[in-house]
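The same chain A turns up in both complexes below, where it pairs with chain B and then with chain C.
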Partner chain A sequence: MDASTRPTITQTEALALLAECFNVPADSLHADVERESIEDWDSMGALMLIAELDERFSLELTAEVSREMTRIGHVLDFLRAHGVLREGD
Partner chain B sequence: MRVTEATRPVAPASAPRVPAHDKLGRLVARSLGLDEPALREGLRPATLDDLSDVLALRREHLLPGHEWDDDAYLRWRYRLGREGAGFGELWCLRAHGRVLATIGVEDLPIELDGQPLTGAQVMDLLVRPEAQESGLGIWLNQAMLARHPFTLAVGANSNSAGIVRRLFEPLAPRLTFTHPLDLGPFVRRRWPTLAATPLAMRAANAGLALRRLALRWRRPRGFMVEHTTRLDPTLAAPVPRGAAGVHLRHHGAYLQRRLLDNPRRPLGLRVARRGDAVAGLIAWSVEADDLGRPELHLIDWRHDGDDALLVLLHEALREAAAQGCTCVRLLLQDEASQRVAARAGFLPSSDDEGRPCGVQSRDAELAARLAHAPWALTDLHDDADGF
Partner chain C sequence: MAWFFQLQEGPRLSQSNIGGFRIAGVSTCLPPLVVDNLDPALGFAPEDVRKVVAMAGVRERRVVASDVTSADLCHRAAERLMERLGWAPETVSALIFVTQTPDHFLPSTSCLLQQRLGLPDTCAAFDVGLGCSGYPYGLYIAATMLRGGGHRRVLMLHGETPSRFVSPEDQATVLLFSDAGSATALELDDDPASGGHFVLHSDGSGAEGLILRGGAFRDREPANPRHRFLEMDGAAIFNFTIKRVPALIADTLAFAGKAVADVDAFVFHQSNRFIMKHLMKKSGLPEERVPFSIEDSGNCGGPSVAVAMTRRLLTPPPGQRQLWMLLGYGVGLSWGAALVPVDERTVLLHDDGEGL
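Now for the complex of A and B:
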């Protein structure tokens, strides 16, 4: 799957995906939520995110990039940079 | 910027969505810049040849300021390629020419409602920082599960607790119970003004001693408790008579090495006899609290019934008082033992969420049976070996 055939999602859908990965209510997440405030955004949560991005978008998130993500906005930026996040919805 | 609120899990995950082991291996390998066969083949039981690299990794990332001889500890704990040595395997993952991670497993022989089974307890998981968040720790846990009928894990830090909570079927948490012998440290932390009144403190401690005497007076009779440094190797560790659930199947030879030869710290051991038969045993260590005062921590206990456990707890209290300890602490998992501890005057800690622990098995029916059965794990099963 390349960037042109990759499915896209809205920010609301992206937050719902992250909520599943980190085992939190979707309405508690927004771009400014810090990683350290999310108990389940640990090594297990990071793996869930890696697996979800691979499964849904064939998108590779490396451990190094994952470790640099310190708030929800960084994940949204990553999705945006890879053409997954649909703007304006 | 909006205020960032604390975001806690909505609920313990009942159905973890961890990828299957093969897919997980592909993701982990890719994330680490390896191919999958290299990941699989890089994992093998450590031998003495690996020891210096493993020690260097632990020195660098796990044990800043540790006080024990880690070389002696690993040689005591793991086989490291030596027949009959240790209690299990230390698995070592080598990649890119160095040790990337380790995970230990100790053989865990149990009886589940009368059925003998042998699984493994996972411990000593260490992933090099540059490999963290690759899923490697979870893959290592799953690799151990693939090699054993079931695995048990006890969370020691926040990361391992997260893995235990979401990867394993939860068991009842182990809760802290304390028997205070000297109220001084407790009062000094909470009411420093009151602690400055020596007369009040002496009166309170005298009250505690009277209460202890009254409880001890009602302890069961007919037992002889003795200090020992040598257990009969063929002794089958006592288990509560007629009690359902999970019982550990250990013998004196194991307990001798496990309790008395631990190079991390010496344990005191007492054996309770009913006539000639061993009715129970209890092991403890004396450690310093944050004020440097001694506390007696109960590490392991085996008993054939409530009376034997009660006698052993009273013996621990007597020893703690003789050594000038401020309290006796232990972590209890099963309700039967918690009731006995309450009879000996132990109090549950307030706001104690307990230490998480869990089991998993590829056999869903076995996993469910293990998860629903009562367990009575002790500090011997802490990831940190109760340290």
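Now for the complex of A and C:
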């Protein structure tokens, strides 16, 4: 799967995906939520996110980039930069 | 000269189709001490432990006593296997010991095992320093020795005691790793269907992902006490695994001219249940053909491939031949696969290490 064939999702769907990875209600997440406030966004939550992005979008989230993500908005930025986040929905 | 110039072109793939040998038997030995990961006496926060156990899938680990080594576990496994196969020691002409937990830096632990197993001084013996990928690599070396001539029977021992190098404070590794020894007996076989396909890889650029920095000759007396223990970058290793292993499976199938449906068992290094399930799904492998032994045997390094075989698979019924893909991946970084036939003659043995 390359960038041209990669599926896209809305921000609402992206937040639902993250909520599933981090075991929190989807409506509790928005771009400004800090990583440290999400109990399950630990090393295992990071693996969950890496696995989801690989499985659904064939997108590689490296360990370095994953560690630098300190709030939900950083994940959304990552998805946007890779053409996964569909704007305007 | 054409062949010469052909050899000079681009990178070669380490893919080998080696005929004329068979796996006569696989034997494993676990230490008798069983540690329950949910035991509160371990001192980790119960909720953290529950999460690690749920994800990694390790409910029980098998841990050696402080005076027991990989060589002891492999010795037990090899003795039992030779006895079952009726192999007289003087018929074995090579012993390969694959480990990253040797008895000593020197001499090679294989020499000590040659003596302990009563093998003759005409037996070649050497160590191979590989970890999680060690099983297919060890088989490959044994197979090439058999095909190289002069050998009829080779023992490939693979053992690890990671419990001896994890930091007691690092719950991510303490709760994951377990100890095991294995012995695999290979011999010449003139059946045209015998042999195996091997695909091997390495990438040292990822060495930092799983490393024990101190104690060897780069840093004999580490100033940082943490460097005496294993350091694992779980996310980096996970990324390596999901990128490399599905490609390894696909390449091995293609090299052997086989499809997923032709393979009766995909025996993974038992790294972590979450990772293995992801690999299984990504490669489209049917669940019933992927044995899991991690729940009660932990991640015991490369020997976990042998443990999954002896504890979860059965010798095929008489008259049937099966094809098993044996997959090792991890520290190095290093990864490899062996696609080998097994039949009713292949002995599978397991020992729970009583008395060790």
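Throughout what follows, the second predicted complex is superposed on the first by the 89 of 89 C-alpha atoms of A that agree within 3 Å, B and C clash if a C-alpha of one lies under 4 Å from a C-alpha of the other, contacts with A are read in each partner's own complex, and residues count from 1 in each chain.
Here is the rule we use: contacts are C-beta pairs under 8 Å (C-beta built on N, C-alpha and C of every residue); 3 or more make two chains touch, one makes a residue touch a chain.
Computed from a predicted model, the values in this text were never measured in an experiment.
After alignment on the shared chain A, the placement of chain B and chain C results in a clash. Once chain A of one complex is fitted onto chain A of the other, the partner contacts of A:44 extend to both chain B and chain C. In the superposed pair of complexes, A:66 makes contact with chain B and with chain C alike. Of the two partner chains placed by superposition, chain B and chain C are both touched by A:54. After overlaying the two complexes on the shared chain, residue contacts for A:4 are found with neither chain B nor chain C. Between chain B and chain C, the partner in contact with more residues of chain A is B. The superposed model places chain B right into chain C at 43-51; the other stretches listed in 43-51, 79-87 or 259-267 stay free of clashes. The interface of chain A with chain B overlaps its interface with chain C at residues 40, 43-44, 46-47, 50-51, 54, 60-63, 66-67. Chain contact summary for the complex, chain A toward chain C: residues 40, 43-44, 46-47, 50-51, 54-55, 60-63, 66-67.
Residues of chain C touching chain A in their complex: 51-52, 55, 172, 209, 233-236, 238-239, 242-243, 274, 278, 281-282. The touching residues of chain A, when paired with chain B in their complex, are 20, 22-25, 28-30, 32-34, 37-40, 42-48, 50-51, 54, 60-64, 66-67. Contacts from chain B toward chain A in the complex involve residues 1-2, 4-11, 13, 17-19, 23-24, 27, 30-32, 127, 130-135, 137-138, 158-159, 162-163, 166-167.
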